[in-house]
Amino acid sequence: MSTTPRERVSVPRATPDDYTREAAEARRDFLHEQTGSSLEHVGSYSFDPSVLPGNIEHFTGVAQVPLGIAGPLLVDGEHAQGEFYVPMATAEGTLVASYNRGMKLLHAIGGVKTTIMDDRMQRAPAFLFESAREARDFGVWLDEHIDEIREVAEATTKSGKLQDIEQYSASRILYTRFNYTTGDAAGQNMTGKATQAACHWIVEQYPAIDHFFLEGNFATDKKSSQINMLRTRGKRVVAEATIPDGLLKEMMHSGSELMYRARAVSNLGGFMSGVNNNGSHSANGITAMFIATGQDVANVAESSAAFVYTELRENGDYYYSVTIPSLIVGTYGGGTGLATQRECLELLDCYGSDKVRKFTEIVAATVLCGEISLGSAVVAEEWVESHDLHGRNRP
Amino acid sequence: MSTTPRERVSVPRATPDDYTREAAEARRDFLHEQTGSSLEHVGSYSFDPSVLPGNIEHFTGVAQVPLGIAGPLLVDGEHAQGEFYVPMATAEGTLVASYNRGMKLLHAIGGVKTTIMDDRMQRAPAFLFESAREARDFGVWLDEHIDEIREVAEATTKSGKLQDIEQYSASRILYTRFNYTTGDAAGQNMTGKATQAACHWIVEQYPAIDHFFLEGNFATDKKSSQINMLRTRGKRVVAEATIPDGLLKEMMHSGSELMYRARAVSNLGGFMSGVNNNGSHSANGITAMFIATGQDVANVAESSAAFVYTELRENGDYYYSVTIPSLIVGTYGGGTGLATQRECLELLDCYGSDKVRKFTEIVAATVLCGEISLGSAVVAEEWVESHDLHGRNRP
Amino acid sequence: MSTTPRERVSVPRATPDDYTREAAEARRDFLHEQTGSSLEHVGSYSFDPSVLPGNIEHFTGVAQVPLGIAGPLLVDGEHAQGEFYVPMATAEGTLVASYNRGMKLLHAIGGVKTTIMDDRMQRAPAFLFESAREARDFGVWLDEHIDEIREVAEATTKSGKLQDIEQYSASRILYTRFNYTTGDAAGQNMTGKATQAACHWIVEQYPAIDHFFLEGNFATDKKSSQINMLRTRGKRVVAEATIPDGLLKEMMHSGSELMYRARAVSNLGGFMSGVNNNGSHSANGITAMFIATGQDVANVAESSAAFVYTELRENGDYYYSVTIPSLIVGTYGGGTGLATQRECLELLDCYGSDKVRKFTEIVAATVLCGEISLGSAVVAEEWVESHDLHGRNRP
Amino acid sequence: MSTTPRERVSVPRATPDDYTREAAEARRDFLHEQTGSSLEHVGSYSFDPSVLPGNIEHFTGVAQVPLGIAGPLLVDGEHAQGEFYVPMATAEGTLVASYNRGMKLLHAIGGVKTTIMDDRMQRAPAFLFESAREARDFGVWLDEHIDEIREVAEATTKSGKLQDIEQYSASRILYTRFNYTTGDAAGQNMTGKATQAACHWIVEQYPAIDHFFLEGNFATDKKSSQINMLRTRGKRVVAEATIPDGLLKEMMHSGSELMYRARAVSNLGGFMSGVNNNGSHSANGITAMFIATGQDVANVAESSAAFVYTELRENGDYYYSVTIPSLIVGTYGGGTGLATQRECLELLDCYGSDKVRKFTEIVAATVLCGEISLGSAVVAEEWVESHDLHGRNRP
């Protein structure tokens, strides 16, 4: 490292309007000057940059992520009903094919049943006091003033509704979770703003508060946590299916008994390894759909947590379920209105208001298809191999 | 759900070549027929689909993800040295600006020091035996035959090198982790193939194996886990900086003491909530860089884990470090060769061979900038607020 | 292992009364015959075995566990006020001395402040349904019928009061936690009985229940868990003290700054290692007091979890707190009425009714004394050493 | 809290010898004076206090913990072979009976198979450096100098043998685990002393070390942790049995299928609740044996962790195993030589040298009996109930 770095040359910005094709091109030219590299493909995009304020700064072009379609996926949900062609943006080979294969299997049995169990987005302020005793007293006060707090919080937002405030105490600190429903938006910003307003009001009312922090690591935005797996962040959604053993054998070259045995070994492994997901690869499907539909992809960190639970039924049927406890999605706001993103949501008839629960169910159903597809592929391979290796398949 | 779903209409494929503009357009037309929706922007892309085999199936177009540039980032690494303009693909407003702000601060102090601590990609087969006793004996045998196993495994790959095999026992099962270095590729597929070959050889040699599964949930691909945080998956990398308090106050309107106090509360919160990352939002920067540079974005699930450790020095300086224990990146293979993705890697001079360590360090340095930026923003806000609330800022 | 084991010779029991000195002696004689070993000291006990039904089967004698006294401990609690001589049963050298040393330090600053934050003992039945949808509906029904369920549950117990029922859903299962206050008893049996009665009533009312299990691993009796650390099992209690740096140096040959630095390193270590307690050794004090006072010692498994949170104040004072989130204690029932156990509770004026909160606070205060004592001892050692090693102490 | 507490009256000590009946009596008298309470039963003990130095300070008497005998337990181990009558000290009713019942069942099938998988006791120093880079270099140096370090460490102990040093890096810190075998002692003190000596030598050799702490929370003594569950602390031991369904039905009024179903629900519950043990109640048996045999009972905190893994075999047999990953036991040193404690070890022919592996296997076998006993009891109840409730058992 040179001890005298040259003067820092900032990325150029255009005034008054930085969201134009020209401003983007100026940045690409600047980068070419600085680094010698070209951003020709990055500069190839089909929409007007004027839509981008609120989505990005220093806009320079686009990443073009290949998009494939899996489906039709048959969903037997409460909000999603029928067939869907699912857009998946990825550069990982076999991903689309694998999900597509699972969709074909579960179509054959009448589709994937989906249920949204809970819905809560939160911000988690921490309040500090002279000692634990005052923290406990404040907890009582919070419960008593929930209606007033709700009023203050909800005054900042059209669609956010404060459900309740959870409390977790340690030392002289009261950690809280302000839980909201947030309409069709994912709602992280909305809940932040509402909770901040609530905190200001609380601090004015309650002088015994020594200090507060708007986030005490109890909402764990963009981070996986046991608390979110237990208490939900975003949507908590279950996808279920019961598959006849014969169909597993015919379509997947697998079988319920071997798949179930593999799960037992995998469950113990996951319990030991401290994994946040005892399934196979829900992150794959979720990420591909998130990129395609303009979700905040960094939420894959927490949305990829999952509980897989299966049963080998007496008749050989295989009951398979996946529970996603912190799926963070929106059909409004964020990146959902961008050009390709909106098209992909519209492909699912999921753009705009009153669509987020439908979209939630489609994501969950997709995840289940991928779980069964990879789960059976792994086992099929083993199954074939174990036969080969032990000579039972020899001609 | 109708009891008699109509016949399933699969997504059309072209033969013999499905990777053409025409095939993609045929799919968009099909989707328009099926759903009425248009994929006009999705159909706007600048590269030849013939490069896509191995990256996607049912290619239909692209997701155009807005791309901004943060920087220059000054890195004092062992592989990355100097200034970098960092491409970030995201639709989340303030993300690029926030990272950019941190880069400016750490540029002023001479850059971010980065160190790669470890490097290992794995596959984790589980072996079952008659009883625990045979599992233990097999563990001894494994240790004794590591050289032969290495030879078999490495025969399947040019760049993969088997480092060692970790063992974790429970019941009649021996869980293992086959750890590899994988050159400039992320290496999940390479290690899968090598480990499979090794397992076949092992099973032939060791008849006491009752059964084996290629994956026992001890590599936790696309899933966050304690084992990967402890034992590394991909790169284990540290980024560090020591920032004078005066600079924090001047540039960030924050201060080392208050930031440190906020960390203490946040650390306890994270310990209680069972979070996999006691930092602020590493997933944001990692995701944006992963999309831009063609990484497997689903790996955000595990790559977003992080350990933040800070010290308030006697002179008021603030030592800040972030350790990313399972950062999974490649500069070769996967999506790295696609049109915009390759351009973004080239912008960093990180495309191709012998570049993965450089890229690793740039990602880690970027993450640190984002941590300090958000960390100080949160506290600055509190700081202002706490003054407002307590009357000390009143005119 | 011989394939034909000899016939199994059961431990003899006396009828009609197995709780006599003679019955115990007969068992000791039997064991002598069977094994040749003598249980002379085991046979030396000072109470009448007739008190033992409900405490043990096959009573044969006693384990004599050495008992030492630490104190006086000065407690500034809401239920415990003043000085206490604390009985500790252990065979581990330095344990009593170490706690005693901490008690001396905290006596000098006016005692340990203690606060009980929460109080809830639970049983956690799991209910299975046809699918997730019915599980969710049942959750709504549970909320609506809490009053009737409370009535049924409380009919089985004099002191147990049903507070609320928490719900955690996954797949087609609704996991619940029936939370009770249990008077002066630890209450595991009481809550089991009450919840069983409640479940029977529920199952009669709600035919859609496919199956239920009285325990679904969400109360984690005798096992440490994140859920109990978050949501409390038994008592959630905080002990706090603020210690002048001068006193730490004078009495402990330590110092607040070095202790604080050690904590930072230890906290990060604990976060990585996945520990359930970021303190030093709360299990030591809790175990010794549990054995002495007739608590269910196996609860050390969960009661040993703890959150330590400290602050280095501007003036050098060291604020030190420990939060025990699942301390399971009783002053009535179980082993509390046995001869030496009752004496030890009486020594603390904690035997019988309306004493459990007092006892809780004494345990927590004791734990804090031990934390500071060991914490400063470790650092004192380092401190001396680091000076020795670096030559600063050389004459 | 009074602001002027009376002068602190310390517990009296006798000089020169504090380990006499008189000194103990003097303390009981003192406590009577101070508190008015009597310690008559506490003062009733059968051994000479002169054996107690190194076991307790301020010896005042004993806790008399009721002791029952379960058995015979039939063990098919590598070190324990044949029948054992197991001493259990507890005040919890049904505990001895429940274990006894499981022992009877597993006796009928030829006993419990036990296997010790690993054996390692550790101390976990943390080393701090200028930056991560020096921490990494030190890690290389550590590996290169393991032989010299071993020599220094082993010079402090007769039975401790340094096996290896694990490394875990974060920030500018290298956390290590110095793993030892410790003969027949549990070995916490021995490994502490040896590691301290090693650290002194290391610090002298390696001036780049900025600071070190003898414990960095990576050995988690007296605390449950994922690292110890993964990497072993004390003994890692497995107990296994395969039980015919008919026997479960006849002797336990249970059945393999229902037990297996209950396990699946319980496993998912435990995965969600973040439990450290997916079994039933291993802490019960371990605690009762630990008190009886003079183990360090506070180690129940970590020794109670367990992995239960079962299989429902095709013929209806139920394979049941428990793995205890951090069972900390000794047959020499600590409390093992005390009067009743030694008798109880001798009852098992486990007192003294070369006995610790035998004792380990007996504990593990006992735990398995308790798991199956409670597991089947719970299910039997449900089974009966579910029949009652659904009318299938009605006459």
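Per-chain residue numbering starts at 1, and chain names A, B, C and D are given in the order in which the chains are listed.
By definition in this document, contacts are C-beta pairs under 8 Å (C-beta built on N, C-alpha and C of every residue); 3 or more make two chains touch, one makes a residue touch a chain.
Only a predicted model underlies this, so the values are computations on that prediction, with no experimental measurement involved.
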Which of B-C and A-C has more C-beta contact pairs: A-C
Geometric centre distance via CA averages, subunit C-subunit B, whole Å: 41
Per-residue multi-chain contacts in subunit D, two or more chains: 168, 170-171, 173, 226-227, 230, 261, 267-268, 270, 272-274, 278, 307, 309
Chain contact graph, described as a line, ring, star, complete graph or other shape: complete
Residues of subunit B touching subunit D in the complex: 78, 113, 115, 117-118, 131-133, 135-136, 168-173, 226-227, 230, 236, 238, 240, 274, 307, 309, 321, 323, 325
In the complex with subunit A, residue positions of subunit D that touch it: 226, 229-230, 261, 264, 267-268, 270-274, 278, 307, 309, 311
